[in-house]
Each structure stands twice: as C-alpha cells, then as structure tokens.
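Report on the structure given below.
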Amino acid sequence: MGATATGLATPYLTLAAILFCIGLYGALSKKNAVIVLLSIELMLNAVNLNLVAFSKLGIHPGLTGQVFSLFSITVAAAEVAVGIAILINLYRNKGTTDVNEMDSMKR
Amino acid sequence: MPDNLPILSLIAFSPLIGVLILMFMPKTQGQWIKITAIVVTLIPLVLSAWLYAQFNHNLEGMQFKEDIPWIVVPLNKETQGLSQLTSFFFEFKYSMAVDGLSLPLVFLTALVATMAALASVYIKKRWKSYFILFLLLETGMFGVFMAQDLFLFFVFFEVTLIPMFFLIGIWGYMDREKAANKFLIYNGIGSAIMLIAFLILVCTAGFGQTAGDNGVSVHYSGDLNVITENLFLSAESYVNQGDLEGNPFFLSAAMKWSLFIMLLVAFGIKLPIFPFHTWMLKVHTEAPPSIVMIHSGILLKMGAYGLIRFGILLFPEQAVQWASVLAILGVINILYGAILAFVQKEFKLVLAYSSISHMGIVLLGIAAFNTIGMEGAIFQLVSHGLISALMFLLVGAIYERTRSTRLDEIGGLAKSVPFISGILLVSGMASLGLPGLSGFISEFLAFLGLFDTHKIITAVGTLGIILTAVYVLRGVLGITYGPLKEGLPEMRDARLIEAIPMITLVAFIVVLGIFPSILSEPLHQTVSSFDQFIHSVTKMGG
Amino acid sequence: MYMNNYVVVTIFLFLGVILPITALSIGKWLRPYKPAESKYTTYESGNEPVGGGQVRFNIRYYLFALMFVIFDVETVFLYPWAVAYKQLGLFALVEMCIFVALLLVGLIYAWKKKVLQWTSI
Amino acid sequence: MEAIRLQLTDIGLLAPELTLVVAAVVLSLLDLLLPRHSNRTWLGWLSLASIVISALFVVSYLNPAEPKQLLQFSYRIDDFANIIKLILLTGAGLITFMSIGSVKEEDIPHVGEFYYLLLPATIGGMIMASSGDLITLFVGLELLSITSYILVAMRKKQAASNEGAFKYIVLGGVSSAVILYGMSFLYGMSGSTVINEINSAIGQAGKGMLPMIYLSFFLLLAGFGFKVAAAPFHMWAPDVYQGAPTPVTAFLAVVSKAAAFAVLFRLIYGIYAVGDLMSQPIHQDILTSLMVVAAAAMILGNFIALRQTHMKRLLAYSGIANTGYLLVPIAVQFSMVHFSNFSEFSFYLIAYLFMNIGIFAVLMIIERSTGDEALKGLAGLYYRAPGTAVATVLLVLSLAGLPLSGGFFGKLYILMGALQTQHYWLAAVMIGTSVVSFYFYFGFIRQMFMRSDFEAQEVKVSLPLGITMWLCAGVSVILGLVPQWVLGYIERIFSLTQDLFMF
Amino acid sequence: MPDLLQEQLTWTNFAIFFAWGVVMLLVVLGFVTYAIYFERKVIGWMQLRIGPNRVGPLGLLQSVADVLKLLLKEDTIPRKAEKELFIFAPVITFIPAFVVVAAIPFTDRLISSNLNVGVLFYVALSGISTIGIVLGGWASNNKYALLGGMRSAAQMISYEIPLVISVIGTVMMSGSMNLRTIAEFQAGGFWHWNFLPQIIGFCVFIVAAVSELNRTPFDLPEAESELVAGYHVEYSGFRFAFFMLAEYVYVFAIAGLTTTLFLGGWHAPFPFLDFIPGIIWFLLKFSSIVFCLFWLRATLPRVRVDQLMGLGWKVLLPLSLLNIFVTAIYMAIAL
C-alpha cells in the first residue's frame, strides 16, 4: 500500500491521480474548447485534493497544505476567467470553439 | 624604433585604421576609397618587412612577445576563504608573438593582402563595404598567425570567417550564395571541433597554479605556453596528485588521441585534406578573384599553420605514430587533386584542384617529422601562397577580358594579351616546380624529408609531380597558345594597376627560387627546435 | 465530537433528498395521467414555438459570471483574515487595505470598461 | 512557534516589487480616467520610470552582508534574486522603451493596458526569483503566466492572436497543474512548502519515498520545461510567439523565460541537488534527465528552425535552442573543479536578453515598414537601411555565437562548465547544434545583403526602436569583448552557500 | 443539544439527531404553509382586501388546500425538454435550502448543529440553488425559461458577493464564523447587537438577501409581465411546488440568519427582559423580519434589470467593501 510514504492518504491520492489523468486526457484530446478548460480545472482540483489529503492524513500533517490549496483555487479561478475571456474573443472572431479548427498558423 | 613597441599589434590592427577611415568616407568617392584602402594595406606590409628584418635568426622560440591579460574572471566568492588559496580565476590573454614558423606567413599575408587590394579593380560595386570587410579580414589573418593564446587564436580564426562570408556572398559570381553557405557551414564545423578541443585543453592542461606570497593562486588559462608545459609534465607532478584517473586535470592517452584527431579534422577542413575539400572548390569558382587570391594564398595556410602549431606540437606522440597516416593522406591529396585537375574544363577548378594537390605536399612535409620535411612544408606554404595568388589574379584578369574561364572557350591569348599570357606561363612553371622558381624548392625539400622515413609513399607521391606538370601545361598552354578562339571580344593588355601585383608576385617567386635562404634562415632555428622537441618527447632516435 | 455536527448535516441532507422523492412518488401515484399531444409542446404564449428553445443569450451573462468568479474567490481570503483580525493587529489592517484596494481597482476597471452596464435581455 | 508576521520594516525590502505594484495600480487608474481618445504614450514613459526606480532599489540591495528573508524563508532577498530581478527589469524596461511610440493603435487597441500589464507580469517574475517557498513561487508564476495570457491575446481583432493565446492558456494551464501536482507531492513528503525544509526532509527519507521523489521531479521538470519552452515541451512556443504582438513576443522570449529559469534553477538546486540527496543514485538520474532535456531542446530547436520562413517562428525555435543552452549549467552539477554554474547561467541569460530584444526591435522595424513578419521582409535591408542592417548583423552574430559577442562568450563559458565536469557528449551536442544554427542565423544576413527587393518601401526607424536596437547590439559586442566586467562582478558578489542554498 | 453534539456518537444519539431533523423538516414545512397564508393575508390587509378566508377557519387551511391541489394536478414534461435534468432541477434547488437550516441556532441550547464554519456553510450551500434554477431554465428548452434562468443566475451571483462580503463585518466583530458564537457575542442589550455598529453591512445584507430570495422588488426571474413565469414556466404540479417551497424555505433561512447575525439572536433587547425565554425573542425578531419581507412585496414596485445589476455591483459591492474598512477601523480604535 505504500503506507510509509503516503500515510493514510493513499485512497485520496489515488482518486486525485485518477482525476488528474482524466483532466489531462480531456485537456489534450477534447474538441470543445470549453471542455478543455473544464479539464484543466479538473486537474487543478485533483491537486487540491492531493494537498488537502496530505495536510490532513499525510505523514507530516499541517495546515500549510490547506493554505496552499486556497491559493491554488484562487489562481485557478483567475486562470479560467482569462481563459473564458479569450475563448469568447476567439468565438467572436472565428465563430467556433472547436479546438481542431485552431490551425491557422500551421504552415 | 624603440624596443618595446608593440610591433605585432601594430601590424595586426593597422588595417583597422583603414576601416575607421573608410567608415567616414562618403560612398560616392569610389576612387578615393580604393586608394585609401591600398595605402592602408601598405602599412602592415612595410611593418612586416621591417619585422622580417629585425627577427633574430639564432633564437629559438617566440620573439616580439606581447602579453596583456584580457579576460580575467575571478571564480566564485567562496574559494577566497579557503586555506592556502589566494585566488581562483580563469584568464584568456591577449598574447601575440612570432617565431620562425609564423614570421614568413605574416609577411606573406601582408604581401598577398596588398596585391589583392590592388587586384580589387575587378570589384565593380560597393567599394566601401568591400574594403571595410577586406581590411577586417586582413586583421583576422594576421591575428591567426600571431596569437599565442588558444582563445585569441580562435577569435581571430573566426574573425576571418565572417568577412569571408560577406565577401563571397555579395561580390561573388552567379552561385555566390551557395558558395558562401558552404564555406560557412564547413568552416563552422571545423571551428566548432577546434573550439571543443581547445576548451578541453583549457579545462585540463590549462589548469595551473602559481605560488604567491600568502598562498597558491590557481587558474584556468588559455595560454599556449602554460598548456604546452602542463601537457608534458610527468604524471607525478600533476596538480592534485593521487589517483590519476580521477584527476580532472589529467589527460588520458585516449583523450589525447581524440584531441589530436579532432584538431586534425578541424584544421584538415581548412587545409583542406581530401574528404573535406568540397567546400573549397565552390569558393574558388564563385568568389571574386581578389578574394580567391586571399583565400587560396593565405586562408588555406591557416589550416596548415594550425595543424603544425596545435596538432603536431601539442600532441607529438600521437602525431608521430600517425606519421604514415598523414603521409598517406598527403599522397591521396596530391594524386586526387592532380587527377581531377587534369579532367576539369573550368580553369578555376583546375587551379582549385591544384591547390588541393599542393596542400598534399605540405602534409607530406609535416609527416616526415624531420627538419628538412618541415622546412619543405613551410616553404610550400609560402610558395604556394605566392603562386596561387598570382594564378587567381591572372584568372581575374582573363575573366575580365573574356567573360569566361572555361578552357574550351578561351585560347590563343598570347597574341592579344602577351603580357598576361607571359606571366601566366611563369606562374604555371612555378606551380609545376620548375627549378629556379619557388615551387621547386618546396617540393624538393618535402619529398626529401619524407624519403628518409617513408620511402614507398614518397615514391608514389612523386607521381603527382608528373601529373602536375601535365595538368598545368594543359591548362596554361591551352589558354595562351593556339589560335585565338572565336567569339572572344577585343582585349587590351594589362593595365598598370594589374601589372604591379603581377610583377611583384613573380619577383618574389623568382627570388625565393634563387635565394631560398631568405626564407630558410629565419625558419631553420625554429624548425630544428620543433624537431628536437618532438624527438625528445617521443623518444625517437636522432 | 465535532464529527457529530456533520452527522446532523448529513441527516438534513438525507431528509432533503427524501422529501422530494416521496412527495413526487406520492404525486405520481395520486395525480391523473391523460396525455394529449398539445400538452407536450413547448409553451410560447400559446403560439407554435418558433425556432429552437436554446436561444443565444447575451454575452453579458458571461462577463458577470467572470466577475463573480473573481470576487467570490477573493472573499476566500477575506474570511480567514476577518476571523483572525482581532489577534492580527493594525498591520494586518494595512495589508488587507492593500488587498481590498486592489479589488476596488478591479471593480473600477470593470465599471469604466462598461462591463457593469446591462444592455437589453 | 513564533508568529509569522510581516513587519513594517520588511516593506522596505519589498520596495522594488511594491514600486511596480503601485505603478501598475496608478497607471491603470489613470488609463481609466483619461478621456478615450487622448494620447496614451506618456503612460509608457511612466511605466518605464517605475521600472527604472524599481531597478534602482534592486541595485541598492545588491550584495547584502547576509541574505535577508521574510516570513520564514518564503521570500528571500539575496544576490540570486537580485541579479535575476535586474535581468528581468532590464528586459521589461527595454521592451517598454521600444514599444513607446511604436505600438500601433490598430495592432493593440488598448495601449494603456499593454503598458501596465507588463508591470504585473514583471512583478510575477520578480516574486518567482525571490521565492523560497512553493506557495510564493506558485503565486508569482501564475501572476506572470496569467498576465502573459492576456498580453498575448491583446490583438483582440486578430484570430491568430486569439488562437495563440488560447493555445497558450490551455497548455499553460496544464503545465501549471502539472507543476502544482509535483509540488503537492513535495509537500506530502515533507509537510512543508519551504524549499530547504523539503530538501532536508526528502534527503532523510527512506527508500519508500523514492518513487514519489522521482514523480515529483519529473512533474516539475515537465511543468517548468513547458514554461521555459524546452523540448519536448515546446509545442506552444511557435504559435504563441507568432500570434502575440511583437513586444509581447519579446517579453515572452526574454522576461518570462528568464523568470521560469530562475525558478527552475533554485528549485532544482534547492530541492534535488544539495544535501543528503546528493549521495543517492537519484541525484545522478535527475541531472541526466535535465541534460537529456537540454540536449533535446538544442537539437529540436535548431533543426526545426532550419525550415522556418516566418521570423517569429524562427525566433521561437531559436529560443527553444537557447533554452537548451541555458539548461546546461543547471544540469551540470557544481563540483570541486566547477562551481560557476550560476555565473555561466546568468551571463548567458544577460547576453540572451540583449541579443533577443535587439532582434525583436529589428523585427518591429521591419514589421512597420513592410507589414510582413516573414523572413523575406528583410530582403535587401542593407540597401534600404544600412545602419539597421549592420546592427542586425551584430545581433545575429551574437545569436549565432560567433566570437566577440556576448552570445559567443556565454556559450563558451557554459561549454567550459560542461567540459570541466566532463560531460563531453553534452558539449558536443551544444557545439554541433550551434553550427547548425549558423545556417539559419546567417539566413538573416543572406536576406539583408544578398537578396534585393527593389519594390520595398523605405524603412523608417522610430527613435526608441533605433536606440534599443543599437543599445542591444552594442551591449552584445561589449559583453563579448570584456565579459569580465559582468562576469567578474557576478562571481564576486554571488556565493553559492549564501545566495542559492538556504541554510 | 450542544451536549449531545459533544458526546460519542451512539445509535441512540443518532436516533435523536434524526428525530430532530424530522422535526425541523416538519417545522419548516409548517412555516412555509403558514408563511404563504400570512403573506396573502398581510398583502390583503395592506390592499384593504380580506385575503384567503374560505378554506378552514379564517382561511387557515388555504395553503394546505393549495398544496393538495398541486399534488393532484397532472404533471407534464414537455417533449423537447431534457428529461432527467428537468426532473432534477427543482430537487437541486430545494435540497440546499433545507440543509442550510441546520446551521441556524434558535437559542443557546436549541441548535441543530454547531458548525465552526457556519457562515461559510450557509453561503456555500445557498449558492448551489442557483445551479438548480439555471438547470431548470435550460432543461425546459423554452426561451422564456432559459432567459429567466440566466437572469436569475446573473442576479443571484451578483448579489451573492455583497451578501458574502457584508457578513464579514460581523465575523470580524466576533472573531468567529460559528453562528452560535456570533449570536452569543451580541449578548447584553440591543446596543450590543450587530446591526448598530454594522449598520452599513446590515443594510447591504438586507437588500442583497431580498434579492437572493428573488422576491419583490427583485423578482425579475419570474417577472410575469416580461417572461411569463421565468425559469419555471414549463413546470407544473408538484415540481413547481418544490421551486416555491425552496423559495419560502429560504425566507425561513434568511430570516433566521439575519436574526442571528445582526439582531442578537435569542438575546433580549434589554437585560432586564432576560427572564423571557430566548426562543421567544428569536421568534419575535424572526417574525418581524418575515413580516418586513412581505411588507416590501406589497409596497415596492419591481426594478428594471439594468437598475438591478447596477445596484448590486455599483452600490452594494463598494458599500460592503467600505463596511469592512469601517469595521476594521472601528475595532482598531475600540481595542
């Protein structure tokens, strides 16, 4: 179980890893830009889960992890706000949110 | 002149004065730009003639030494507190000097540069930038022959690269851009290999320590003296004695071998040695005549110079063990160049291949590893420098008149331009090694030297001389004799500005052929000291 | 046991789920079922529906959503500060002033850029 | 535990950052309050002034007797940070200066925003350079990244710009998540987010931790590899560079990369390369993987650049290659014979900064005269504007790494480091790819000198652009002629134990 | 109850908790039933009408009848609707409305739970209802419903921020987010109640709360005259009832929250009135707030949508931020 390294947090870490992978897969393979942004949020949330699990159940419990996750939540919000703003702009210019159609700069 | 005059720096940097002047001259004053440039090239010529006269023939080693620290970087705050260590730094010096090896080449550079400047009448456009680059190139060439620090050498080596790129690329013939690219890439690879070899040397053999008042001062240095000294230290006296394999400053035999081969390849590209020669053909056919004069006359010699100075003298053991390899490479060069020169229809290519062939003789001379052979090699450098400069000057003159240099398109020039044809004939004779002209002495010495050690190879090599005679005569006679080819325009014979460099070069060729001691005397002491050094290191008999 | 509080919350949650389920199930059992085609059409003031139901709506909604996300998340930092304010002292006030001032700058930015201006639907 | 509190005196230590914060706020308010159509150029001057003031503060903190730290190591004012900050500020200052008066209104509709968004991005970089704590570091990183996303998207009306920005934000977001994920493991292993505490905790950790150490390292490497655009994490760079307005591209290529590098440097050394971890096999693996990434970046960057015809894409690939060079001093561990990693790194960074900003200034000049960003736009430049062409040559020579230029000496110095530690293959890759790069760098020269384009318009060089270009070219040459001025200074003030490791 | 919460969890305790939950549910349902009746009566009086008076004595069973009617009504789901979401939407709206009630302390002893993050708990859960409303609007696949849903979402998120920030003042004063602690902090006479030092926060909170409830004058999402019925235009029968239910449960929750946060909870206005049990005081305050809400409905006209948004962002948000400063400075001086 790797309990020495992760303390009691292993189930949470596993869940986080699964979420992270789903997010990564979605971010890299989905066609719809909104879903891509959502996938990134999923990844960040997986990280938050990780941090909180470590801070509560890890081998060195402490508050820092929760504080860290607060920061990461904030940053994720800012990031997705900017992402949506750019996406809106893109939609206005190109009339699509399909990631596959963003290839105007390929030679 | 006072003793402490930095004469070498003066020679090397005097062309830069011309660069400065030219920068502030208006573009429209074409004639004045040319005159200024030519006058500026005379300064190093005069100075180097004086240097030649001042050179003490009886001294071994370097003369006219100039030594200024240039890039000195202290290494890290931490070390200053360490016990017994007062300072830790690395330095590259501005260190210039000449010995019997570089002295003739310095003079050759000055001479050919002046001649090429005179020959720049064939340049038709943008004189200002042309001469600025030309003079930069000259500085670079001087520096290469004088530098005594690896870093400085490399810098000057590269300084010749960039102006050449422009000079070929802007003022060349039709296919100039390709030629410039090829030149750049090949020489870039060469200098990259050289750089890495140099840096390994700096990082290992360049590490030295000097005891000071209150402790030791350690440094990495690019100084050739320091490196030479450290390379031949016995294993026990290394810094950080103890486990030799773990010592980061110790060069193992394998490392030395790879360094030697790297340097051989690096300078072999420049020389050029057989498989690395293709770039040079392109340059010879596409660059403007005055630049080919420089290129063939001097730049190729930088390869040979570097090979002797760094390849042979820093790694004599390896070099001696590879003597036969070098000799075989030389013979391949000679025969390959000669045979291909024989079948060329383009006169420039004939000359280009003949250069390859002649450079093979240099390799042969080096491979002899005795005084005579080495002298022959250096003789060949100078002599070929003069002859090929002359040849390409003539090619320029002929192209100017006939708009072609193809052997099947021109012929019978002796009638319409007798002077040029005459000079061409003389240079052809010199090239094929007619006694009484400079080419003879060098070939003779080189073969003589090699004969001592590699008899069979020498015998094969001499075949090349016969072939040389064949292709030179084919080319030269094809151009001069016979009926005047149809379709050639009206021609007038050489103008004064063309005649001066031609006559000067011919004069030097003849003088060198008749009084070889002019060259051999300053050379002798240095070369024999090289020889002794090599023998003492490699424990070869004799 | 602090956990007990969340047991209570869970019970409330459970009841909250149970109520609609039971109510709707009972309703299903009691209410009449008399299907007719016209009952299942989309309501549009008695007319035949025109076009699709999911019309494009104003871009403003997104902008407000973005504004909300930013300000809502920033309050995350205000709460811990507010709880601990008594112990933190005056300097914390200065720090929070800087923070809130930056928030205000953001608000002014949005205001000036006419993000807060509502236009049409 | 003693209460962690920022004291009023600490504000003084934060002066460089606070200057920029105040400037950004004031500028944004000014921009909002000004009438719509008034000229906003002077906002640029104000922004420049704030950068200069901030830089002066940094200079005054150089070479402190002992490094200062705030909030228990979470923020450090040491020479590592100060030098990097100076580099960042110089870059930001030059970019602001060259865009004053040369940014076209139709290109960037919100000129004011352009000026004051550069400031937070720079602050982000400065925070990254100073941070000794993962949280601080992450906040700085995101401040820089998010602002960069906006800056890239600045050309609102252009689909290419939007597209580039979207790619940037998606891949940037993924990489942020990856970095965070790596950080979460570091936190989990040590229970702390302070770099040196993590180091000592994982140094003492048993075998059981090993997979997690590897995992965290590779996650961080991938994430930061993305931020610095090292191969194989470089795919975003060409598109983003092409889509972004030119000054922003310069900013991404120089400032944002430098900041990410600073973090990478401190993180790799602070966490994985000192202390107890050094004696374990993992240490060698970490260095090797860094070297592999460096080599991959050099090879991919230089070879793909050969095929580029668009200037910005070419510079993007050249930037990837330079990332590889810059990774080398990080990857070769300091040892008894070699501990000048930081000076190698920072010197090349400085050289890289000047030559890149210079070349982007040239790009802007070309763009303004021909409206084209293709390499062809340079054709015959020598005949149209000889001065610009000569400056370009100097810059290109520096980029290509030919002697007597900052680029050359920087590479040489890095190369020496690699050789001193006997990483011959890395040195060979480095120098081999440099030769490859000659071809495309000299492509600039070929276009300028050997092609002619007679229909091309006259080139007008606006004053700030001209000054920037010549300044950069001049500095590049000076750095090559007398590198010891900069290098010596860095070596004199920088101390590994005090400024990089936090003991 | 507080003692039980401290104890080890046993089956007995669990049963008590469960029973308490059921009681609360019934109380809330009862409240809703009679709040509707009360509202209709109040508005009737104000408009000089009688109000419901037919079913049961004084019309007291009117609401019960209404509920039964809704229960017996045929319930249709439009063919074009997203069926699952359409069914889920009212449930999602209702659940958080009920769960937040768990955080409200009625008296010192009479509490459902003693959460340390009470305020945050309330705020976080109440936000979820918005999702239900948007979902309902969207799932109906109807233009009116969609616009109503979007509008309600925009309104709710706009007022959520001033609401959340205005509460910070009270949190600062008491140094806790525990609602019980906040109420306890206000002991000892009405001059200790938060609404006096927090007058700005109080006003902002009330306005924002009314808007959060989607009640007049901010009932735009269901503005009959513009959007027919807004997000629940396609809902009928008991599904519709749940939307209504959620709205009135929120009335309950908000009234309780206001009482706790600003009106001193169960504390008497004067110390000498302490002999009256706390629950009475709580209910009094609670009822008056509920009354005020109905009063507003009878009195004020509906605002325009741009006015609505403008008020939220341009007035309430700056005011609530100002409130933080005022509180902080006030506390700094008082300390």
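Going by the order they are written in, the chains are A, B, C, D and E; count residues from 1 in each one.
Just so we're on the same page, contacts are C-beta pairs under 8 Å (C-beta built on N, C-alpha and C of every residue); 3 or more make two chains touch, one makes a residue touch a chain.
What you are looking at is a predicted structure, and each value in this text was computed from that prediction instead of being measured.
Novice: Along the shortest chain of touching chains, how many steps lie between chain A and chain E?
Specialist: 2
Novice: Return the chains common to the contact lists of chain A and chain D.
Specialist: Expected: C.
Novice: Can you name the chain that lies farthest from chain E, using the mean of each chain's Cα atoms as its centre?
Specialist: Centroid comparison gives B as the farthest chain from chain E.
Novice: If you average the Cα atoms of each chain, whose average lands nearest the overall Cα average?
Specialist: The most central chain here turns out to be D.
Novice: Greatest Cα-centroid separation from chain C: which chain?
Specialist: B
Novice: Counting C-beta pairs in contact, which comes out ahead: B-D or A-C?
Specialist: B-D
Novice: Chain C to chain E: how many Å between their CA centres?
Specialist: 14
Novice: What's the distance between the Cα centroids of chain D and chain E, rounded to whole Å?
Specialist: Each chain's C-alpha centroid was found; their separation is 53 Å.
Novice: Determine the centre-to-centre distance between chain A and chain B, using the mean Cα coordinates as centres, and give it in whole Å.
Specialist: Distance between chain centres: 63 Å.
Novice: Just how far, in Å, is the C-alpha centre of chain C from the one of chain B?
Specialist: 81
Novice: Would you give the residues of chain E that are in contact with at least 2 other chains, written as numbers and ranges?
Specialist: none
Novice: Would you pick out the residues of chain A that each touch at least 2 other chains?
Specialist: As it turns out, chain A has residues touching two or more other chains at 78, 80, 85.
Novice: Out of chain D, which residues touch more than one other chain, so two or more?
Specialist: Not one residue of chain D touches more than one other chain, so the list is empty.
Novice: Going by the touch rule stated at the top, which chains touch which?
Specialist: Pairwise, the chains that meet the contact rule are A-C, A-D, B-D, C-D, C-E.
Novice: So in the complex, which bits of chain C are touching chain D?
Specialist: Chain C reaches chain D through residues 88, 91, 95, 101-102, 105, 108-109, 112-113.
Novice: Over in the complex, which chain B residues touch chain D? Could you list them?
Specialist: Per the stated touch rule, the residues are 71-78, 90, 154-155, 158-159, 161-162, 165-166, 169-170, 176-177, 180-181, 184-185, 188-189, 192-193, 195-196, 199-200, 202-203, 220, 248-249.
Novice: Using the touch definition from the top, list the residues of chain D that touch chain B in their complex.
Specialist: 336-337, 339-340, 343, 397, 402-404, 409, 412, 415-416, 419-420, 422, 424, 427-428, 431-432, 434-435, 438-439, 442, 445-446, 449-450, 482-484, 487-488, 491-497
Novice: If you look only at chain D, which of its residues touch chain A in the complex?
Specialist: Interface residues on the chain D side: 134-135, 138-139, 142, 145-146, 149-150, 153, 156-160, 162-167, 169-170, 173-174, 176-178, 180-181, 183-185, 187-193, 201, 206, 208-209, 211-212, 238-239, 242-243, 309-310, 313.
Novice: Can you check the complex and tell me which residues of chain A touch chain C?
Specialist: It comes out as residues 70, 73-74, 77-78, 80-81, 84-85, 88.
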